[in-house]
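Look for chain A in each of the two complexes below; its partner is chain B in the first and chain C in the second.
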Partner chain A sequence: MEVTTGHSSPTPRKGFSRIWNSISQFFAQTPLLGWILGILIASTLELLIGFPLARAIGLNKAPVLFGVDIALKTPLLLPATLLYDLVIYIIPIVLVVRFLNPLTNRLAAWLLRFPMWVSALVHMGLLYLALDLWTSVSDYRVLVAKLMMIAIMITLSLNVVNGFMGEFSCSHPGFMALGAYSASLVTVFLFIGSNFGPAILPESLGPFIFPIALILGGLVASLGALLVAFPSFRTRGDYLAIISLAFMFIVKSLFENLEFLGGARGFGNQPNWASLPVVFIWTMLCIWIINNFVQSTMGKALNAVRDNELAADAMTVDTRKTKMITFLFAAFWAGVAGGLFAHVLRYVNPGTFGLQKLAEVLAMLYFGGLNSVTGSIVGAIGYNLLSEMLRPLELFKWIIIPLLLILVMLYRPTGLIAFKEFDLQKILQPKTPQTKVEVKNVTPAS
Partner chain B sequence: MGSFLQNVVNALQWGSFYALIALGYSMVYGVLMLFNFAHGDIFMVGAYIGFFIATGLISLSSLGILTLPSWALLALTILLAMFLTSFVGMLVERIGYRPLRGAPRASAAITGLMIGIILETGNLALLGATRKKFPDIIETTTFQLGEVSLTNTKILIVLISLLLMFALHQFIQRTKWGMAMRAMSADFLVVPLMGVPLNTIAALTFGIGSALAAAAGVFYGLAYPVLDPYMGIEYGWKAFVAAILGGRGSVVGAAIAGFLMGFLDIFVATYFPSTMRNLISFSIILIILTFRPHGFFGTAHSASLRL
Partner chain C sequence: MSLLQVNKMTHYFGGLRAVYNYNLSINPGEIHGLIGPNGAGKTTIFNLITGIYTPSEGDILLDGQSIKGMRPHRIAAAGLARTFQNLRLWRHMTVLEHVKLARYSKLDYGLVGAFFNTPKRTRQEAQTTAIAMELLDLVGISHLADTVVTNLPYGAQRRVEMARALAIEPKVLFLDEPTAGMNPEEMLQMIEIVRHVHRQLNLAIFLIEHRMRLVMDLSQHIQTLVFGEVVAEGLPEEVQNNPLVIDAYLGKEVET
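Presenting the complex of A and B:
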């Protein structure tokens, strides 16, 4: 399998590579902490002077998604939005990452003197703070952030089956549907008076039962995955695609026909427990667990089954167990993501989980990159941001986004960032040579 | 008994759409080992091209410039639509699939999916959201055979579809190009080494497949005269299932599987609530695939060998 290298050759000839090289060198010495700090400062700045600045420049309101949608609707406002982005985002972040480097590098090194999980938790906490500040400007941003994080979970779980194990599985919308409906059933049945009956438990207990509801949704999705896993023993590749497609149609049709679940109209009224911190925590858990899974021995077994199943079988890999565990595991996370999705939208209906959702998740996966946790995160965020920012183009959005994807497929057939490992240690490390520290707890996936 | 026969007649017509589209999928899958997920949308493009040709010809004839009897109009519509849509198919192959010849097949599949979306959106953008009504080219006359009512449209569709499938079969079995296609589905890597031009075969395969899909589109327009840009999606995916069900590289298998899916659709809708149509059809397909994972006429090979 080819490994895509992230850096260009030492003497880049093409202009683009040269520019990219000089940019990456400019930012090469900034640790992750520096970036998070930059975003924090930018978000605080926006909270403090965002609205007055926007009005002074001539925009009616602060641009919600970096002004791209405003610039697309009224091109005359493009200089104003660019100015806004420059002042609020670009200049503060560039200043922080350039000039606070010694401070952030030393901070990162100091954090790494504790066990690695301390450093990871601090980074996550700061990242969440930055996200919270950024989204406090508008509800739209909160929704976009939540949907992006759910998309990360889905793409990751699809990557486990499609990327790491090399199948072409079309069943993920079905897993999501199972998880969404199950989690919604649990919460609505237990806590909200509805046509399923009056509320059984008080709503104050809700946020503690919510994780259990999500896990239950994931388990139901895993159960459904058995229907795909068993035929996968005998078939591979193309026939598995059909079986998973049939599974998706069956699940969608099943929910359309169950009248007590609302049939094709679905049902709503899910309690509003999928708040930003909840979604954030579940996404971080998902990234951590899936990354551990794919870096473990089982993950290597997945790659072995993908590359040559016969050889893997001969080398003591239990292919049946591997396939079974992979499908159940991936379906679990897709189910959890579906449950969160239902509670973010506070509505669930079978139509959401059809062919369009399938095309969307496949697009996010192949856009980001196969066999790579980083790739899935980048793909999910990139696709969702593009999709939201290009919204004013209405119909033409669906010409530009597919075109972009075709371009990515032509020049990088396996996705933007494929086959790249997600190395937590490398991410948390300070980037200047003299402060590189030996880290405790080096073993990944312990 | 009468309603059973009536259902058989309806299923034959319904199944011929699936069969014609599935043939395109199956040919591309057999010869080039990839799935063309844009094929359902090529079916839609064929229907629209047929719509424009038919409308054009009818207005020409009403202006007195070119008066033709209605059967000639129909024949001209079908032939022109097939001819023009084959170019669309070859264009799709040239742009989307040829550059990805060496890439993993899944990337080509995603490209096809995206091309399909572009075709749908392009149609919506160019022609607007109002659905088009396919013109009535021939007058529908209904015959009554006992309890079964047939329209001449139904008979025409089924007969011409079978004729096209027979013609395709003869082409593949008896001509040199057909032999090249069969050779490629048997051994993909060696055939270009034997002096067979790979690009020409690929273009030909896509062209023929698209022509058949266009024929299906025109027939669909005759039978159900309302066209909309998203009509190709469900047909496309179901014909894809039919192509796999028929077995890799088997044109006859794809046709049979297409008719089977048509029968499943119609009969399930008759005896069960019609909302459960997809549920039961796909469950039956799942069961068939569990016991015969390689399709009807596919060659059985070990599941662990990567194709």
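Presenting the complex of A and C:
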């Protein structure tokens, strides 16, 4: 996964872009399978020799996020963390890419002979395995990974409204809060018990009820979306932004004042059901369904509404229905993500779902790119990793991240990977080169 | 009973009378021209019939059914397709996506299909793609199917609008100045396309045009609109020589 963060800051300088070009040339023939395999091997390596290696080079613990946090705290340890990253991550991945390309390409080609979903499932399984191995080193990584995946869901669902449909909605934290509280309400009251009474159902049933609780959270969020959509979707533009912002504050103060949900103190004690595989499965489901939607002709109607609503109407598209459904759909996924969020942290607090959350979600969205599923994934992962890695800088973090955002906006006004289709076929297919390119590529490297 | 019939349609924008007492009747397979100086209300008439505005008075019947007051997408689905005077394309979408989207009302895989990529959806999308490619062939731009529209030359963009309108399978096709801004060569090609489409699909066409030659060439029946009122109506030759029309277009001679 760390590969994607390499995109984070597009630098305009010539020399840099030349280096970048040769790097991407070198990796051009690596299929997704190769990357996943590389990460898998690197993670295994870290599991096996990570700790002894860290000790040997003078770090008192294995770096959790590529050592950036350690290097920022004590700059003297920078060489050691670099060495660690080199040995554990960079060298194994480069080696895999360098030597296993033919194998992974052939494997990817072979997988595509089956229906697409077989290949997709295999990729997802391996990806999960890699993620599981990588996070097994520390609980902190597990938490970061879970929050990252939840961020992907939220960013993606906001992209459906703000990117694909071109409206400007600010109420996503509100939808998250609705989902978080509704799902928590179900799980806590049914399985944990509260001051209203003991648990009603045995906890062993929980994992089966948990998806239902999440979906319920999503539906409640959709219901909230309906309240925003009715008054604001008759007009276009700023009205939705204002009304949705108001909605966010209303939801926040609603939960601050609901005493049976803990009020401003927050609501805790959620059961620990949002494990890594659960969050992973929901994230994949979310990506799959949203991608299906935006690629269908029905989903293209969103783009038509954005680019020219009058023409969309004249071409038989029911624009009002399209806008309504899309808004509810996006709110649903924000609600599901909120439910997962509550069960990952096992505590929610109305203050979480305020302006700062909104700013974060918008930052991830515009950082990654509008109208692009890949963009949202990259944006959410990039932003979260960056934000975690820069944590030791404390206040300066909030100077550096906005600066980066401004840079992205300057050079890529619509985000890093905007207006690009998430084509599963293209992503999974082998990157078998024409022979000429291969020859050209091999010579400088060897 | 004619295919499209407009009875005594009148429309006010506030106190301004934009269209007054407008009548129209188009039969299947007929090309009907609407001419008039700038600001006469031609496009307003299009917008009224296609449901962007609801007429203040009068009635509009398509196949004997009143479509007055229906929402534009319903009217379009009922069989009135149009192109726009100033192109209204979706700037981030490809040519093929434009034509496919105009089949929106014909797709019935619903939200389940949209979310879960069901076999029904796969089938319908494939069918739609095939139909769209045929239409692109008809207007001669199938080789540009995967190009984003903003990268196309003007003439090709006009053709995209045409193919998109045809994808609705209209009963009546409304063309709002289909050759506006075109050079003579592009214009001739456009005339050819309109003729071809008309012959191929035996479409009724309602045409707004500024260029007299084109209207006279294509239409079987012409109306002249001045300040929202029809001042002359009839066969092309009749209208062409009507003094009122000449007045409207060239102005009156000042008597000295």
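Convention: the second predicted complex is superposed on the first by the 417 of 446 C-alpha atoms of A that agree within 3 Å, B and C clash if a C-alpha of one lies under 4 Å from a C-alpha of the other, contacts with A are read in each partner's own complex, and residues count from 1 in each chain.
The rule is short, and it goes like this: a residue touches a chain if its C-beta (ideal position, glycine included) is under 8 Å from a C-beta of that chain, and two chains touch if they have at least 3 such contacts.
Worth saying up front: this structure is predicted, and the values here are computed from it rather than measured.
Student: Since both structures carry chain A, what do chain B and chain C do when superposed there: clash or fit?
Tutor: Partners fit side by side after overlay.
Student: Looking at the overlay, what does A:P402 touch: chain B (first), chain C (second), both, or neither?
Tutor: first
Student: With both complexes superposed on chain A, which partner does A:N162 reach: first (chain B), second (chain C), both or neither?
Tutor: A:N162 contacts chain B only, not chain C.
Student: Looking at the overlay, what does A:S182 touch: chain B (first), chain C (second), both, or neither?
Tutor: In the superposition, A:S182 touches no partner, neither chain B nor chain C.
Student: Touch check for A:L410: first (chain B), second (chain C), both, or neither?
Tutor: So A:L410 only meets chain B here.
Student: Who wins on chain A residues touched, chain B or chain C?
Tutor: B
Student: Once the structures are superposed on A, label A:D313 by its partner contacts, choosing first (chain B), second (chain C), both or neither.
Tutor: both
Student: After superposition on the shared chain, which partner residues are touched by A:K300: those of chain B (first), chain C (second), both, or neither?
Tutor: The second partner, chain C, only.
Student: According to the stated criteria, A:S253 is in contact with first (chain B), second (chain C), both, or neither; which is it?
Tutor: A:S253: touches chain B, not chain C.
Student: What is the contact status of A:I243 with respect to chain B (first) and chain C (second): first, second, both, or neither?
Tutor: After superposition on chain A, A:I243 lies in contact with chain B alone.
Student: According to the stated criteria, A:I325 is in contact with first (chain B), second (chain C), both, or neither; which is it?
Tutor: Second partner only, chain C.
Student: Chain B and chain C, closest CA-CA distance after overlay, in Å?
Tutor: Value for chain B versus chain C, nearest C-alpha atoms: 11 Å.
Student: For chain A, what residues appear in both contact lists, the one with chain B and the one with chain C?
Tutor: 308, 310, 313, 319
Student: Which stretch or stretches of chain A touch chain B in the complex?
Tutor: Counting only chain A, the residues touching chain B are 162, 168, 227, 230-231, 233-239, 241-243, 245-247, 249-250, 252-254, 256-257, 263-264, 308-310, 313, 319, 355, 359, 362-363, 366, 395-396, 398-399, 402-403, 405-406, 409-410, 413-414.
Student: For chain A, which residues count as touching chain C in their complex?
Tutor: It comes out as residues 289, 292-293, 296-301, 303-304, 306-308, 310-320, 325, 371, 419.
Student: Of all residues in chain C, which touch chain A in the complex?
Tutor: It is residues 50, 52, 71-73, 76-77, 81-82, 84, 88-93, 97, 100-105, 107, 109, 111, 113-117, 121, 125, 128, 164-165, 167-168 of chain C that touch chain A.
Student: Considering only the defined contacts, which chain B positions touch chain A in the complex?
Tutor: Counting only chain B, the residues touching chain A are 29, 35, 96, 99-100, 103-104, 106-111, 113-115, 117-118, 120-122, 124-125, 233-234, 237, 240-241, 244-245, 248, 273, 275-279, 282-283, 285-286, 289-290, 293-295, 302-307.
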